[in-house]
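What follows is a single structure, written as structure tokens, with notes after it.
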């Protein structure tokens, strides 16, 4: 790599790393240590784990603290034993300061190695991966903090206010697409996760796609029509969840004095009917589609439609206002593309081993770092997940 | 329908119904009432539920006993409240005799209605569906009885002996298929479940398919190589199951004095290395494929390969000997075909509402009634299921 | 032992054993194999386990079937591995007929040994214990069958009718007792369980005891006053159970069209307000006492009051009509008397190892075999148990 | 109350309150917010709840923050809804600073009220109770912090070092006590919890009591003899716990390179065989007694023996060195003394509603505030609890 390229990479490295810390800045040390549920992780853990990733796969040492290998490995079996996921929130030690010192130490060593030209192409590719990895955790920091604060009795704010320009949802309309033999997936060149490749052909029948994602007005209509109480609208597993969990609305919604409020990182406010619906499980997305005589698109249908990739705002907005601000559930189970090859070694665990019982989401959200998502980007979560920024766009057969 | 056609349908009705009872004949009333796990049902319940199906959807009354609507509904929300699935085994009453009386009563009324020409075409189609439904439960009776007897301390026999011609597995070889735009799914005419339709086109890259299913020899090789202890071979969820459940071999296998035995409905006997492997979860099928540098085929790849549809024996054999004697896991999540339309009314719950977090299996098994399966037939189970007759056939990219 | 004494013992042995079988006679094989909850056991298991007891501790062999040692051991760690308690209901094999054959075989060998004078005094004492043990299981057969049938949707009958003479409860009145240094426990001679000994002195303050057990009229009053919804009346654990289990009345009660019914082994019938209350947990007994400004007696208070020991009817009545027909919860935790010595060997596990987190009940019930209970008899169950014939008699300080 | 008495009470109030804060001083905000298990509470919660107690029951207002009534009620049903116990650790807000402000506000108002003579005798009695209540929570802060730090992978220290004078355990010897009619319980005058009253007579047979608590040497002997693997030594419930939880030693013990270490708030160090054994469940205490042919004393036996009441050190030592430094399990179930009267109103929930399925412990510990415990003091925990400072002293019959 040329010195200029290395300098540019070091600059990007610093920018990405700094943003992670900036996201945590409004949080107290208390906010950063607690784990609100097994699916979520404490912010301090995210700060440390992303650093662990660079230390493990780029620097390939454990110079700062040998114990951190055990503490901050997420799920890499090939990297050995680790703290059980549901117990990440018990780590009051090391304290936050020490995690910041860890970040500083690793950052200095990475930047020095870049400056020295000490990293081979393979390692540079992993460094690139590490930046995308850190961006994924930036989104998770926001979703996990939202869960932590949004489920507390006081509904405390992450930020005192958010930018909220007025928004008006156009009526739900349909766009026709021709289908045919189309290509999806990431091209061979440029950065992409292994699960986006290889680019390949798929045969699609003609179909229609909604011109915008579902908005809260339609969710309110579904609620008012008893959608959460009508088994016929639901997948069998979804109906089980509705009853077991007592779902009556999307996550973070609560009814007070006859009005629906939701929590949006500034606290509770009235549901805006024109905003894209968010915090829907796949089960809800599917039931809503059935209610509106529609279906969910496949990920290939979604990708060929060249839809907006989020986030839509130049700065952080933290609440969805338009297409691109919510991930959109697809009907596609998360699975390997024909000819899929996972990365070599421990990094092969990055994506491939989760290809079971998850659904693909496309598009990005208002929590997604700018420049992170791509048309071929495959996000994936289990059908019951609701704490991510998950919405839906309907499809219909031609 | 002509009188001859009606007579023929009545004959088929009686044949199918009689076989269900014949399958239960070797069982004591005690064997027929107990539920060995929530996924399995007692044989008495199967006898009654299949009858409930005809009574509900063909006769459309509850003339025999009004309470049976509650007792023997399986999962049809549109048909109202019902006994919780995990509590089916608590129904010592009604006694088995009364369930037989229920069968007799419904049979007589169905056959009379046929003879009178009292059933319209719509109802006749449902009667046809009911026969296929009953055949599905015939297979379930065998899998559920196998679980009940095979997990008891005494490993008691369902039958004293089974036909067991010698079998020799050919070496694992690969057959190349061209792919291209192919058609899969059931044609518009003739009986098929709603989930097999519509027949539609799929684009497949060229691929290879194993010339036979995996056999026990290969499973023994996997075990000997530590496959059940090597996280790198497993899907993340699969590895969780291996540890949580202590899996060390397929279901019904046990090691005694250094040898592997399995339970095969006659009791325990030594594992035959040349038989198709059976009672594999999807997780095991997937890990075995990874171990052998292969993958699982998609259901489209499977269907276009025109493989054997089971069972292979003219009479009941109850243990797999060849291709067609085990269901084969595919890599395809169970989902709707493009343009899928569920049946109208309560029968729309037959298949569609399970299209989440299940995998498709193809081919049939030695427990499948003869004539029941088809090339387009889509069986489906969750990835952790092991009590069905589930094996696997490997695929590879071309 | 003299021949006459041996003959008398053989006669008693046959009488006790025959009654167990008579209790099961109204039940189908299906009824006798199912386990309705982990605390209850199938009737077939009771038939076999009581036989196992004689075979193990009197005959000291395993001549009938070596596998039965594993199948029918209840909890004797010293006797080796055994079927997990919650899985007793999976044993469809051995079939009921074979369990009857087991009973016949053991009976013949026991009676022959008695006739031959082959049993030493130690073994004869164990034989005596075995008869009392079998009587305990006779009561359990009835409570467990009541749970099995009484929780089924059809509320089927164990017997078509029961003797039901009219009963009128006298008003709740109080009897004063002087307390002082009193003796409780079984005398050194005569049969008693180890936990009833040694007889010892206890110092009691003067106290008052209700002249009869609580009756349903008072339970109805408690319900009507919102007792099941008022946390202040309950022990902390009890209140947790009320909410977790949704208790609104004693077990087997259900409200239909504004009236309270209960299940009494003949089916559902209207609650009789004058009958002793039954199927109360300790938590309910304690909350009822608090509601009526009373408390539960200690077991010493209960024993010195010389209260009726049940059952009260000459023949089986199977539903409580008077004092002696319900076990009465005491406030005493089940613990060792001063100087308690468990039996030697495996039989030391009979009582002592359960002396934690259980409460003592006194008196006997309408399900208790005649002649089985004694004034010093200590029955014991966990506080949440409701499927036994459990009522309560209030006490007050003097 | 005289002005001098009020000034003295204010001084004591300030001293107790200050010590709570001093105990938390070595902890970071992160340490003070996390809840390591449902039985333990975060230090911040203890700081707030003890303040809530004074605000609720002494000041009888909610002037500082109306929401704190919901957040910091522990279990007083009469005081309304509250945060579920297991979710106390999710409260990252209010932050620690605000809890300190809450403490300051309530302290100022309490002290002012005292200075003004504004509190009646009833309220002053509750204020006294509040001080004892706060001392109980001081011990819980230490036990809960020990659990939080002692179960973390890094075994971090609460304090860098502790005073550790050498200790030598005398051989286990026995002291004979005459029994007879004895009096136990708190006298009518002076402070005591309601559960210590009324003082009353009990009849005791003569008995023997060990001259010191069990020490680690004896626990090591038990471990070496296979005590944790021998079912015959255990209560049935205890044996279940041993297997379910994999107990092989007391809590906080771990084997490293053949040696036993434990965690003692400074980190890991080698087990000292001469120290009193600690962190034993009741089950372990009972099994150890059986192993050494002894039994646990009743609480009356314990009380009349006039044993040391802890803690033994003038300053905080935080690890047991002598009798009085560990709570001693008794064989007595926690229940009401004859004539027990709970406090009026919501404070009646303080003790009485827990009188079920708990065992009494006596004596105090090295974590107990000086002057807090009394000879009549009844501590109580469930049999499985191990995170408290729980040891045992053996008894034998005379």
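First chain written, first letter: the chains are A, B, C and D, and each begins at residue 1.
The rule is short, and it goes like this: a residue touches a chain if its C-beta (ideal position, glycine included) is under 8 Å from a C-beta of that chain, and two chains touch if they have at least 3 such contacts.
Just so it is clear, the model here is predicted, and its values are computed rather than measured.
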item	value
Intersection of the contact lists for chain A and chain D	none
Minimum number of chain-to-chain touching steps separating chain A from chain C	2
Separation of chain A from chain B, taking each centre as the mean of its C-alpha atoms, in whole Å	37
Distance from the mean Cα position of chain C to that of chain B, given in whole angstrom	45
Whole-Å gap between the CA centroids of chain B and chain D	58
Overlap residues in chain B, where contacts from two or more other chains coincide	none
Residues of chain B touching chain C in the complex	28-34, 36, 44, 67, 70-71, 83, 89-96, 148-149, 151-154, 156
Of chain C, residues touching chain D in the complex	75, 77-78, 181, 200-203, 205, 231-232, 234-239, 282-283, 286, 295, 331-333, 335-336, 338-339, 348-349, 353-357, 383, 397
